[in-house]
């Protein structure tokens, strides 16, 4: 009952536009502001009928909680996200949320390093925009396969973000993975107060390792197949270290953001 | 293999507009003309995914086989037809057909009486337009609950049709059922060469009875729950009299238009 | 919570405001959805399957979507009956509706032990014996398929627990009505059906089953017709009340089960899609009663003509 | 029809161009879909269930849609084996692919008699024994649930029919693998699974079951996970080939069954929605082979890792 703002929202889809080949930016008008925190997510209904049955989770990419405008950045990964890509402006979108714990320490003044791998940059963008607005220091690192797999610079300008990019083929920014860029940054720059990361699992494992090795508190946002999203079904369990044993925690409710040191990446 | 024209059509929905409260007129551009005959039907896919799973059958309301334009007149009867009503212009519609046997004796010169009950007028409209074009005599009777439950006169003008209307509440045309209007017409006018009817089952039973009593050959278009629409699954069986016994025939392939005398309306 | 008397029911000794039950495993301990709907909206809540010892549950992935349904292989993750009694059951009165505890075990002795510990426990209005969980290796579904084993199991549990006792059946029992009668003979106060049906989804790219447990239990609208048929068969074969479940998402779905003979209905998977389902189903039931001039939903129980 | 050798298979003595079979009851006698696809596109076609005497079938409604599936209660409408032999089987060679005759009966003697009449019949490449039809009162599914009965039935049919013999199983047998092993012992050359699962839909306005037969068999994508699981279990328990079916709509679906252990797959309900399904599935299988550098789909049979 801690999250009284959780409600169902019948949003109006204001715009759905391709950002890269398979990334789509949805701009929604919610009837009420969700007042979401960066790292929280919503659950989208994909259509009427019962196939697909389950909602799909998407991080909040940005919320203008005064205007009640919401943005989701969606990568087409399968049949469900393909439906989202096909949504058309003017359509009503059935959305629940916000769910989950956001990134912690939102007001911390120490410099935060935000590390996004591919579409994993979606929630970090919200975090970065918030820190920018509040004048809190941060660096935003984003990795992708190639220049074309990441949004153009203009995409970030709306919130005066200037992320450092890394591409595996070196076609834009640093040549290499975003974790290599992170290591490079840690070698060359001052030690940040905290690392926040979101992206594919191997990348998060590496970021958590880097953070641990250097004693930098690191939080990672995990993914899992969700059903209920409220913590009731135990479907989204992910293994964690606890007192030498493995314990399952719920990505939807206990996370999706977790202390990187506790996540059991090995399994 | 008799019907080589049966193919899958990815049609463009040109227009979907409400005709009455729950009737919608869909105008489709087919890639190839179906060259359908009045009384034949198409099977519409309702959307991607598997719920609803089965296609829905709709009579061809009109085909302009030179332009490859197709019209369907759809009454919202449940979840599936509600989806059809929500289709928007510009959308691609996945349609199979044409299926089934149309109304017989298309070139017969004797006067035909076309009797439609409610949405049952959909295929008769096509038949009437065809007869009008070819200068073959006919009378078109349509029944509905009230004035508002039937299309406005203008609706029929495109094909120079001037149906005689019957409404149960007398708010438009003849006061009473369309079968009462039929009886009235038979009493007052000359005996037609043939009756073609489509509408709810009790109405069709009555029309068949009237036809039999007066020795007028009568064909009725039946409905049934369809699955395959090609005659393979035997799902759409309807009982018929044969040599004193009951025999099941396939609405989709043996019909949907049948000799009214053979239909076993009693069961 | 203003309850409508037209929906009130006493199920096997449990007084419920309405015949809607939150299905086991789909509603946690009743509190997780509280931000969405007041738990007191429900007639009763069946809490997560509880075992004698704590169970960590299965490794992920635990769920996978299927056409109009989903497979789950949670593996009965739960903190064990002792923790439940110490920490959870004292809070259950706060739900504002009866809480029923779903129990499972690997041996008949374990079932009996769990039931015995729950006997008289505060906050516990009844016990639902899960003899049909498809995701536990020892025991689980094998218990639920043999009428003789079911009879012995239920008799043992009955001996240990004096409150309202529900037995939850699997539709996979070759002879469902015999299993149902065995449970009735052994002293069950009501039967719940159906539990999930065992299924598998293979990831054709990875070339292995999606679920780490290989198989899981199929739930959701996909299984609804199977569940309605099972309720119809069993309601005609026993004289204790039946709780119908399996793919209920709407009032119309719930009515199918009631007309088939269910005294109450439970909602599982649908909550995941629509947390407000309980509210909408109640409203729909009341609308149906009004439209059909009925004074109480009870007039509809088993009322389907043939 | 240019057949691709990467899909060729000999199933229990039936040489097929590809492992795709049109499922019984869903493809008539093979000709109804000819305006859409050449029947020779199929590896084989299983024709409608045939009985000793003609059967009129059940009164309508015979079908009703369900979430991602449908129920059918056709009631084995067919003109009887004599008419079949006189009028239909002589035409089956024209299909351009092997035709397998699905048979059913109310007694073991009837099964034996039908099988005997089909022995050596022209146009008949094999027989599939349906011991699992949910829509026939006498016999039908009851046969399919008891391993001893199955063994006796298959033994009798085996004695009367010398060609390739498939036995079609119901997933509802409490002990599916035992039933499968019984059929194998009795001389089946292959097993087909699954047949439909019994279900019911109630019309809540009319307050009665939609199907005149009350219950019907559930088919379509809804049952796919149950079918994959059944194929997986049975393929691991017998050494004769398995034909997998239940909700296949795409190459990915077919691959699930093949990876689970099916040597061939059948497509039923999906034809109703997409008559071109067979063509798309074949193309999809070939695409998968190419992408994964495989020489023959056979490399995938039972290849799912655990």
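To keep things simple, chains are lettered A, B, C and D as they appear, and every chain counts its residues starting from 1.
The working rule: a residue touches a chain if its C-beta (ideal position, glycine included) is under 8 Å from a C-beta of that chain, and two chains touch if they have at least 3 such contacts.
Predicted, not measured: the structure shown is a model, and the values here were computed from it.
Novice: Quick one: point me to the chain whose Cα centre is farthest from that of chain D.
Specialist: A
Novice: Taking the mean of the CA coordinates per chain, how far is chain A from chain C in Å?
Specialist: The separation of the two C-alpha centroids amounts to 36 Å.
Novice: Whole-Å distance, chain C centre to chain D centre, using C-alpha means?
Specialist: Centre separation, chain C to chain D: 34 Å.
Novice: Report the inter-centroid distance (CA atoms only) between chain A and chain B in whole Å.
Specialist: Inter-chain centre distance comes to 53 Å.
Novice: Residues touching two or more other chains, restricted to chain B: which are they?
Specialist: 49-52
Novice: Check each residue of chain D and list the ones that touch at least two other chains.
Specialist: Touching at least two other chains: 67-69, 220-222.
Novice: By the document's touch definition, which label belongs to this structure's chain graph: line, ring, star, complete, or other?
Specialist: Contact map by chain: complete.
Novice: For the complex, give me every residue of chain B touching chain A.
Specialist: 47-52, 79, 83
Novice: Flag every residue of chain B that touches chain C in the complex, lowest number first.
Specialist: Against chain C, the touching part of chain B is residues 49-51.
Novice: Taking the touch rule as given, give the residues of chain C at its contact with chain B in the complex, in rising order.
Specialist: Going through chain C, the ones touching chain B are 67-68, 221.
Novice: What part of chain B is in contact with chain D in the complex they form?
Specialist: Chain B reaches chain D through residues 1-8, 45, 50-55, 96, 224-225, 227-239, 246-248, 253, 267.
Novice: Could you please specify the touching residues of chain C with respect to chain D in the complex?
Specialist: Of all residues in chain C, those touching chain D are 66-69, 71, 145, 172-175, 197-202, 204, 207-209, 214-215, 218, 220-226, 228-229, 232, 247, 252, 255-256, 259-260, 288, 300, 303-306.
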